[in-house]
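After this come two complexes, each holding chain A, first together with chain B and then together with chain C.
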Partner chain A sequence: MADRIDIRISGAGGQGVILSGIILAEASAIYDETNAVQTQAYGPEARGGASKSEVIISQKRVNYPKVIDLDVLVALNQESYDKYIGDLENGGTLIVDDSIKVSKEKKVKVYRLSLIAKAKEELGTKKVANILALGALAAVTDLISLTALEQVIPNRVPAGTEEINLKALKLGGKIVN
Partner chain B sequence: MADRIDIRISGAGGQGVILSGIILAEASAIYDETNAVQTQAYGPEARGGASKSEVIISQKRVNYPKVIDLDVLVALNQESYDKYIGDLENGGTLIVDDSIKVSKEKKVKVYRLSLIAKAKEELGTKKVANILALGALAAVTDLISLTALEQVIPNRVPAGTEEINLKALKLGGKIVN
Partner chain C sequence: MSEKVLMKGNEAIAEAAIRANCKHFFGYPITPQNELPAYMARKLPKIDGGVFLQAESEVAAINMVYGAAGAGARVMTSSSSPGISLKAEGISYIAGAELPAVIVNIVRGGPGLGGIQPAQSDYFQATKGMAHGDFKLVVLAPSSVQEAVDLTMEAFDIADRYRNPVMVIGDGIIGQMMEPVEFKDIGADDLPEKDWITDGAKGREKNVINSLHLQPEDLEEHNWKLDRKYKEIKKNEVKYETENMEDAEIAIVAYGTTARIAKTAIKEARAEGIKVGLIRPITLFPFPEEVINQAADQVDSFLTVEMSTGQMVEDVRLAVNGKKPVEFYGRTGGMIPSPAEIVEQLKEVRG
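Let's turn to the complex of A and B:
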């Protein structure tokens, strides 16, 4: 893994991108012993339909906790994709819901996955699409393991939703293949 | 309000300091139209008994999202107080649970409040002490209003706990007087 990996998880308000960011950062720090920092910015830009959570994973101390070079973009709605795709570096990784129209201009690895529809179909709620996205992230990159995410999820999701979120994680991990 | 206010909410893991930070930042940004940034750092320093969430509230764009000069420290356990009190600026505001032993070296405004015990006594669970702390923060500073916090809390706390958290907020607001 590179010294520093910058990840942005984005979507509409209510799609749980903050929670995903917290889980990812915590799993990385605790189970992979990295330094992870997770940030949300609110303000004029956050009052629209694109919400974002940023996670920096590093082997070293993170001096600047906001995204510098975006390595991984997760987008759960069209607006957040449109807004943030321009920041993704060449060679970066893009994980998007398959409801999103993706342009082919960039030289990035694209995973266009049925996150929202599968969540709804197989687990009865599209609310857990954010956790499917984490499962997919673990499957397609070496940034985080499913095992680490599995440890953190029960402590971070609302009480009573542990099981469905763990199912969502597994489903996300499988969806890629 | 000053141009930029740096706030740190700290406590043990499980005391809900991340959630408090998120609620505070979101309430400030949406209802007071500030630019608010909320950050957690995980890593070696976070693997002990002191967890922290930082919120920067600013009228301008926040260029550096970590604490520069700490204006407000909320501490819910002794370890986080001991660890972070050194960062609080002279003239700053300290809100701590009354289970914490506070030294008198610093020239800061000290609010030593029965957050955990009152939560347990009046609401049956000490889990909501983090929200009492937000209520107290609204009561003793002009950084955020109870009304703004009231709007955000139902969207951010686990489903089914909206009411108890709103009660906790009110209780925190009253506890100061």
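Let's turn to the complex of A and C:
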């Protein structure tokens, strides 16, 4: 792994991007035993169409806690994609919902996946699209292990939704292939 | 025995206080520290003897702290910049009455209502001009969530040891970010007995807790007594960290969040051949003036970086005492300096 991997998960308020950032950071720091830092916007900046949660993962100490060079961008809606795609480094990884129009200009690895539609179709709710995205992230990168995510999810999602979120995690991995 | 958990700075400070046996919290909400009282509100009522109270105002909250401290309780309040200004009068009374209490300031941009984003513009307030009278707070400035935990626990011991209010000063980033932390049992076991508290005076002479001394001779004596205490604190409690100073030609002086950013900048600058190190004050009062003064015999110049228009830089200049130039770089109002900006400044300083 490089010195530090900078990840941003973004989407509309209510799509659970903050929660998925916390789950990712906790899974990495506690179960994969890395140094991980999670930050998010607070105040009015945090509301509206482009909410974001940033996670820095490193084997070393993380000093600067915010994104410097964005390695991985997850976008769950068009507005957040449009706002943050410019920050993604060449060679970086982009995971987006397939409802999003993606420009071909950037030299990045693009995973345009049916996160929202599949969540609705197979699990009956698009609310778990954020967890599908984590499943996809675990499948297409070596940044986080599926077992680490599986251990964190039941403790971090609302009570009563543990099962469906674990299913969503698996489904996220499946739709990549 | 401890294990790592991922926690937000504000919540971790609250948990650290509870682990340090703080059972009393009085506060009033303000961004960006609300997760701290919210955590206390969830946890303290479940603890035997625990009290969480959201007061009607900051002024009321700090006077509740005054009362609880006088009765011998380990007590905390937390706020952010404008709220701390409202608490200033009470903090002066607590210092005057020589009571232990821990006050957390998760600083936001000012002056006035200012903004809600991270800042370090309350340095003067915390270390110099908190309120009226000849007094000092011990001021602890963590730069990670783990350090916020460790310093919060230690803050209660320092407060009890010197019978003086202690401030833990963070900013919106320290308060809001999540990092892995563990809670170590680091409490002191040699603290003086609290034989001065007002708890009913059954079978003993009554104790009086007061900050009023109408006889100037008495007040002068009291002030010199406080002064001796602060000198003792300066002797015993200075904390700082240095990094990459061995061969440094430039020393960055920065605390809290800014010191973290400086560490990233130092790595980048060193890759470009700039020999730069960091002196990070962990205690803002007492200020680590000796290590800075000694560094002035080694380095060519200093760069102080703050999220303010320049406050701590005055203490750096006093410590350097004219030996070497002290430059300043600041962002303010909630803006955060980037590592690249600091590297640019280092290039200018190097000339």
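The definition used in the following text is that the second predicted complex is superposed on the first by the 171 of 177 C-alpha atoms of A that agree within 3 Å, B and C clash if a C-alpha of one lies under 4 Å from a C-alpha of the other, contacts with A are read in each partner's own complex, and residues count from 1 in each chain.
Operating definition for what follows: a contact is a pair of C-beta atoms (placed from the backbone, for glycine too) under 8 Å apart; a residue touches a chain by one contact, two chains touch by 3 or more.
Small disclaimer: the values here were computed from a predicted structure and weren't measured.
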Partner chain in contact with A:174 - chain B first, chain C second, else both or neither: neither
First, second, both or neither for A:18, with chain B first and chain C second: first
Broader residue contact with chain A after superposition on the shared chain, chain B or chain C: B
First, second, both or neither for A:38, with chain B first and chain C second: both
Which superposed partner A:68 touches (first chain B, second chain C, both, neither): second
Touching partner for A:30 - first (chain B), second (chain C), both, neither: both
Which of chain B and chain C A:159 touches, first, second, both or neither: first
Chain A positions touched by chain B in one structure and by chain C in the second: 22, 25-26, 29-30, 35-40, 42-43, 62, 64-66
Of chain A, residues touching chain C in the complex: 22, 25-26, 29-30, 35-40, 42-43, 62-66, 68
Contact footprint of chain A on chain C as seen in their complex: 4-6, 31-32, 116-117, 172-173, 176-180, 257, 260-261, 263-264, 267, 336, 338-339
Chain B to chain A touching residues, read off their complex: 14, 18, 22, 25-26, 28-30, 33-44, 46-47, 61-62, 64-66, 158-160
